[in-house]
Amino acid sequence: MAQVSLLIGFTLILLGLYGALTNRDILRMIVSFTIADAGVNVVLVSVGYMAHRTAPILDSAVPAGQAAARIIDPVPQVLVLTAIVIGLGVTALMLAYAYRLFRLRGSLDISQFMDLKW
Amino acid sequence: MIRNALIGLMLFILGSAFLTLTMGFEPATELNRTAAYYATHAQEEVGAQNVVTAVLITWRGLDTLGEVTVLFLTAAIVSLVLSRSKAPKGASGSGFLPSGELLTTGTKMLLPLIALLGAYVMANGHLTPGGGFQGGAILASGALLMLLADPSRRFGHKIIHRVESASGLAFVGLGLLGMLFAGGFLDNKLLPLGQFGALFSAGIIPIVSVLIGLKVGAEFASILESLEETEDA
Amino acid sequence: MVSSILILAIGLGTAFGLGLLNRRRAVLALGLTLGALGLMAAMAVGWLIVLAQGAAPVEIYTAGAEPPFAINLRMGLMEAGAITLITLTGLLAVLALRTALTRMGRGSMAVVLVLIMALSGLVMTRDVFNLFVFLELMAISTGGLALLSKDIRAIAAGFKYLIISQLVTILLLVGIIFTYHATGSLNIDDIPETAMGFSGLGLALFLILIAVVLELKPFPANGWALDVYTAAHPGFSAVFSAASGTAMLVVADKLVKAAGPDWFAMFTLLGLISFIGANIVALRQDNDRRLLGYSSVGQLGLLLAVIGQQDVLGEGYLYVAGGLVLSHAVAKAGLFWMSIMVKARGLSDWAAIRVRPPLVIAFATFLAMLTGLPPFPGFYAKWELAQVLATTDRLPILAAILIGTLIEAVYLFRWFGMAMKRETDTPLGPKQIDCMVVLITLAAAFGLGALWGDLSENGNLFATVPMLAALFFLALEPMPAKLKNGLAIMALVYWFAAHAGVYDPMRLIFLLVMILGGAVILLASFNEDGRRVGFYPPAMLMYAGLALLLEAQSTFEFFAAWEVMTLGSYFLILRGKQSEPHALSYMIFSLGGAFVLLSGFALAADGVTPFPLSALSLVPEQVAPWVFALLAVGFMTKTASVGVHIWLPGAHAEAETDVSPMVSGILLKAGLYGLVVLLLAMGRQSLHGVDLVNVLAWIGAISAFVGAVLAVFQEDAKRLLAYSSISQMGYALFGLALMNHLGWLLAVMFVINHYVYKSMLFLAVGGVYKRTHTKLMYKMGGLITLMPFTFVSVLVGIIAMSGVPPLSGFGGRWIFYNAILETDLRLPLVLIFMSGPVGFLYLFRLIHTIFLGQLKDENHQIKEAPIWLLVPQMIFVAFLIGFAIVPGLVLQRVDRFLGTVFGDQPLIWHGRAVESAFGNWNPVAIMVVIVVIFVTLFGILIAKNHDAVKVKQFNIVFSAERPYRPETTHFAWNFFAPYRRAMGFMEMPLVTRFWGGVSEALSGTAEFTRKLYSGNGQTYAVQVILFVVTVYLIALGGVA
Amino acid sequence: MSSFHWVQIPYALLTLFIVLNYGLIMTAVVQKIAARVGGRHGIPFWQNYIDLVKNFAQRSKITHGVMFYLGPVFRLAGGVGLLLFVPTIYGSTWAQNFSFAGDLVLALYFVFFGTLGMALGAGESGHPHAAIGVSRGLAQVTMAELPLALAVYAIAVQYHTLNITEIVAAQQGGLFHWTLFTNPLATVAAMFAFVGTMMRPPFDVVLAPQEIPIGPPTEYHSAYLALMQTNRAIFPVAKTVIYMNLFFGGASSWGEFAIKVFALYMVSAFIGVVHPRFRVEQSIRFFMKWGVPVGVLAILMV
Amino acid sequence: MTLLMLATLLCGAGMIGAALVALLTRQTATAVLAAGLLSLFASVLFVLLAAPDVAMTEAAIGSGLTTFLFFYVLGRIRREDKK
């Protein structure tokens, strides 16, 4: 189960990267990057998954005593939470840049912005 | 064409690296050292039912603080990026479709529900799945809905900044208090752990969740705000 | 001390707090930001002091739980130092950015605060995921702050930066989660030492490390960083290069320490490639900020390599890495902040800083720090690094580092030359605060130099008297030149008097020539009036170097003195009008020679510090020839032997009137002194069966002959003298290489003779130049009547130099003959015999074309050379004649000393005559006989033609008719045409073509590789992934 | 190493007088022989005396400057000094001149004293032809002197001394003790140099009469020229004396001295008469192709 | 083939399909929509992987806000492009 989701996650990352590196349109690049981020999140969570165990909530169903035996590893989930929000932050910033770049040169093609070279 | 092929080959090799990672990976049957500690000590050390929130806000509080700062940064920089570039003269004017009847009445009906859900998710962060970020996101989607319904509507710019700064400062303040009175920076034993499972339990976690929720909500709103402001030339 | 987590809390608190202020109170917001940064800096400094006094590193736990379960921060000496640097850079950056920040509003100030807080967090945190969060904070704030600059291209740069940080995020996150899965904890200390294997933990660690390396802008994959450097506001670029660079280095160090020694090799390799690659490509840069970008990429590469070498550096690691990091950070921040004041972006537009001398000093200091010249921390660090690398025989790494530093020196000093010599029409920015920021950085630079001096066990350069004197003269700048000149002469005479007694005769001769001789030449500087800013500090720096050279006991002191001398003389030569390219080639050859010396000393010391010079003789057998070869090459670059001589003609010819004699008469002797010390200590060495001393003899002979032949064909008087210096130094080198008593006596004779007549001739030609404003000999002619004293000094000079009997030159030739009769070295003698008469040619050309022949119309009313130039010349004439009559006065003591060295006493001194195993030489008798014959014949001639009257100029050639173009009647141009037809093949500039080829190849590769940065953000992303994949494959290959 | 006694001065003057007269007569005789070879009658052998007296008698009111004035003095002092620094007759007490002052090295380098003085004087005269002559002379002499220097080094190593008297002493005792036979290579190299520096064709482009009016001494006349002509008599003889001492066993009596000097001088005369004039680069290449290799062989073989 | 495994496979196929659509489609709008869809599938997968918090966040932020941001910026750009 974990292996399958890992594979899914990695394929998503690779697809995202492929999209980001081949598409010339900036917005499509940012979309590809969000896909890659989603892939990373899937990988992160699937590493923490353990078979036949439940979510790390200690309530009536999972009393504190048996917690160690019944819940899955909470740490990857914490990391993912932060990672998603940071991913959103960076995406929002890139979108703002994309918009400003568009305002600058009137086009969204990355190869239009090459005056800083050599 | 060759360029894409080269990139494809490169990513294939990267993929092979990832593949060796996946092949070498076998899911743990037993909780590792850190997770086992969290599982056993969640109740008496932090007093929160939701172990994820416990770890998120207390044990790895610095991460969350850093995280919130990320959002604060994004909001500030997006407003910097967009504030100085008013829309070119010709292109201004709210371009949104005039919000239909359905949308305005729907918003009026849904808004309280969304606000209630957001508040609930935020407050019960330590009991049920959810917490500061999720609550904030829901509130932000509420603000988004209002924006969609009435594009010319402007939130009080000052209020958003006030809420954002105040909650940030409060969060840091709580952390410092924790360092002075409790065990360390952001330690939640500043307040009594209270009865396990009750609303006001697990020390400062609920307060921090609320603060995070407010801050995240305010930040998303300010991002939308600065996007919106580029409208009025 | 208060807990250091407060540093983060203050940063964050103020950042959030700024939101509460309303929009219009920008100045208050700026005040708050400065206050917060000041507080953070104060805490950091407090911690630094406490930890520097030996307190143990402090662990800070958060959330009241033990580390693996909560995030912990550590505050050790390295962290405290790094944070102090970061917070102070931040403070000064905010000052530099104040206009941009107030314009952008309090949001941007909050971003700066968060950036500084994130960097401090990066340095302190011990948790991998926390590292990721702070890294993201740094990435986003850097992307944001790129907007501060007025340059609209900054937005594109910011976007490219964000693309790359996305890639880094992906790699880092995957790495972190798999490390967590393998080790069970997110804390760095729990990462076990893993081999570089490529499965599970090994691969995860690889991903984390490669992500951190990417953040350190490695060479092939750093187009994005260069764009940020070029477009961003320089105030921010300083933070980006100094503060973020340092923080990432500390992170890299933490991670690689945890990952284990297996990964050091990868770091070193990547670092060196980045260091050399970036420096080569920087050769072709003409935008100043992009050049600084390349330089900081190179320096980060160097530091990455040093981190890779920490297993070998042991406890000296903090000292070396600290020295290099601080030098890089302070210099780079200073240069970026200076670029705020320079409005235009071309390299030669920095000429605007010449308006304010303190800025020129700052510029020179920062460049010296970057290339690791004394007395700054980089020098001590480079010395320590060289010692360690040589002891653990990692010579290829040392060689790579030295070559990289040399290339960096090339483009930095070319830039300095442009700034000093070119003109620009964009004036300097008027703001005082920017200037004040730069001066604070300058003070920090000197403070660090002193600090690193104290820390180094080899002795602090600032503590030595000569260095203090040089700095003292820096303070004297506003005083009039004549007063400073008097002080300088007194200082030199005092130093000579203080040390004359204590030295052995051989060193006494060098002291006499270098220090007392320097004082005599300085007499000529009385001729200049006004303040003459920028002459005396470099001059005294050079003399300080020379004084320390003679004082040096250990290899460190010798090498430090050598580099101080090079630095001082470079600034002196640069003062000449068209001396820019020549000063640059001088600096490159000198630095190249100095680095060869450094590797030689490091190889010899083999870990023993301080390594006394005399211990060179105890160097083990298999290493000794290599040490000998390296040191000999290093010294020969200073005596300009053939092969490394192309810098000399330009440097000596283009220098100022009173600088040429200093540089030619005195500085070349430093090389000879080095060779004397080397040969005294190591004696004969042979490498693969080739006797190195014979090779030296051959090089000496060839340079003697080639120098003389090339001198014959020169049209420029000073170049002629410069080439003749090469020839004379060749003679002296040959003398030394004979390794027998008389050979060394010959060398000493040459040291004295060459100093006297070369300074005399240079001053004379300088005097003529002052009057005729040209150095080209065919433009002069017939000046004997107008400048009689200069003529006399040149006449005596060439008689002495050509070895014609009555004067002291003949003494040198006589000792030479006796010396070669004792050696079995035959073939080089042919070249030496040939260069004797050839010397005669160029000397006659010098005196004939300038003083004899027809006087040109435009030279009719020129006056005699200024009095102050003539005084030293007359002193030298008197000395020459005295030395010719009584050579024993000086030579006898040296002869006795050499007797003790070589154990034989070939010369027997009878009163004033001297006798050797082969012949005898009675200088007094010769002088008397010649003078008597001369006077009697002169009497006869006067008796016959006593009332002869001077004939008018054209009574000779045109029988009193005036030719259409009288100046052509003076036969001076292409004077030795037949000789050129016969010996022209010698003129082929083989050596110049070789070195030209080398520089062409370098700038060719630079031009080719810099096309790599096409400016397209996507291409940069592809390059980053390609870089990761290639390193992965190589590392995989390495492991398999 | 005998020290200086006042009596040596009259002895030296006597030697000087003998050599001066011998020089004047010999050069005139050789000039006559050269003319006779060319089918001409040639000048009377006392011609040089007439020229000398004529020039001395002529009064001159002009000079071209200090160095021009001192030129001939330097020149003659060089010639006389060279003669007096070298012992002319081996074994005779009074013909040792002032050889105590220095050894072979002094003699070798003192040759340049005269040349330097001459060059300075000619340069001061302001006449372009003088300067051209000087530049040609100096250029040629650099390569011409080289075989001599090599030869001198060879015999110095062979005889382990630089003192001329000791070298001559080592060659006494019969013909086959001369350096000519003990070290033929060095002697051949020296003879190359001898021919090259004797200012006779094929190496006399320096003061070639037709091309540039007698080269450096173009502007000299009256007393200046007189001094130069006395030097032109003494200098070749003094140089030949050195060659004689070094390579041909020196002279034990004035008769032997006269014959050997004349014979040596005739060597350069013979070669000069039949050869056309070399240009400077041709003579330089000639010496580089022939003179220097022989010299190098000499110093390698010893 | 437990039910869980089947559900994950389905989700995975959906996600990869959405990703391919996002990469290959002509108009950017469909690409953004595909990304939103992908993020929804991801949140479902997270529920399957017993991570409810993450699922909620991914749903709220991933599909909700990100998609909106994209559409908003796309709208602005498309409108200014026509002028």
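Letters A, B, C, D and E name the chains as they come in the text, with residue numbers starting at 1 for each one.
The rule is simple: a residue touches a chain if its C-beta (ideal position, glycine included) is under 8 Å from a C-beta of that chain, and two chains touch if they have at least 3 such contacts.
Computed from a predicted model, the values in this text were never measured in an experiment.
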item	value
Shared interface partners, meaning chains that touch chain A and chain E	B
Connected chain clusters in the absence of chain C: A, B, E | D
item	value
Centre-most chain [mean C-alpha coordinates]	C
Length of the line joining the C-alpha centres of chain D and chain E, rounded to whole Å	108
Approximate Å spacing (C-alpha centroids) for the pair chain A, chain D	100
Euclidean distance of C-alpha centroids - chain B vs chain C, Å	55
Where chain C and chain E are represented by their mean Cα positions, the distance between them in whole Å	59
Multi-partner residues of chain B (at least 2 other chains)	3, 7, 11, 14, 18, 21, 25, 28, 32, 34, 38, 50, 52, 60, 63, 66-67, 70, 73-74, 77, 81, 88, 129, 133, 223, 227, 230
Touching two or more other chains - residue numbers and ranges from chain D	none
Per-residue overlap in chain E, given as positions that touch at least 2 other chains	52-53, 57, 61, 65, 69, 73, 76, 80
Interchain pairs in contact, sorted by label	A-B, A-C, A-E, B-C, B-E, C-D
Chain B residues touching chain E - in the complex, by the definition given at the top	50, 52-53, 87-88, 90-91, 95-96, 121, 129-131, 133-134, 137-138, 140-141, 144, 220, 223-224, 227, 230
Sites on chain D touched by chain C in the complex	1, 4, 56, 59-67, 69-70, 72-74, 76-77, 80-81, 84-85, 98, 100-106, 109-110, 112-113, 116, 119-120, 123-128, 131-132, 134-136, 138-139, 141-143, 145-146, 149-150, 153, 156-157, 160-163, 219, 222-224, 226-227, 279-281, 284-285, 288, 292, 295-296, 299-300
Of all residues in chain B, those that touch chain C in their complex	3, 6-7, 10-11, 13-14, 17-18, 20-21, 24-25, 28, 32-34, 37-38, 41, 45, 58-63, 65-67, 69-70, 72-74, 76-77, 79-81, 83-84, 158, 161-162, 164-166, 168-169, 172-173, 175-176, 178-179, 182-189
Residue ranges of chain E touching chain B (in the complex, touch as defined)	52-53, 55-57, 60-61, 64-65, 68-69, 72-73, 75-76, 79-80, 83
Touching residues on chain C, where the partner in the complex is chain B	3, 5-6, 9, 12-13, 15-20, 22, 60-65, 68-71, 104-105, 107-108, 110-111, 114, 117-118, 121, 125, 127, 129-130, 133-134, 136-137, 140-141, 143-144, 147, 155, 174, 178, 181, 184-186, 198-200, 203-204, 1022, 1025-1026, 1028-1029, 1032-1033
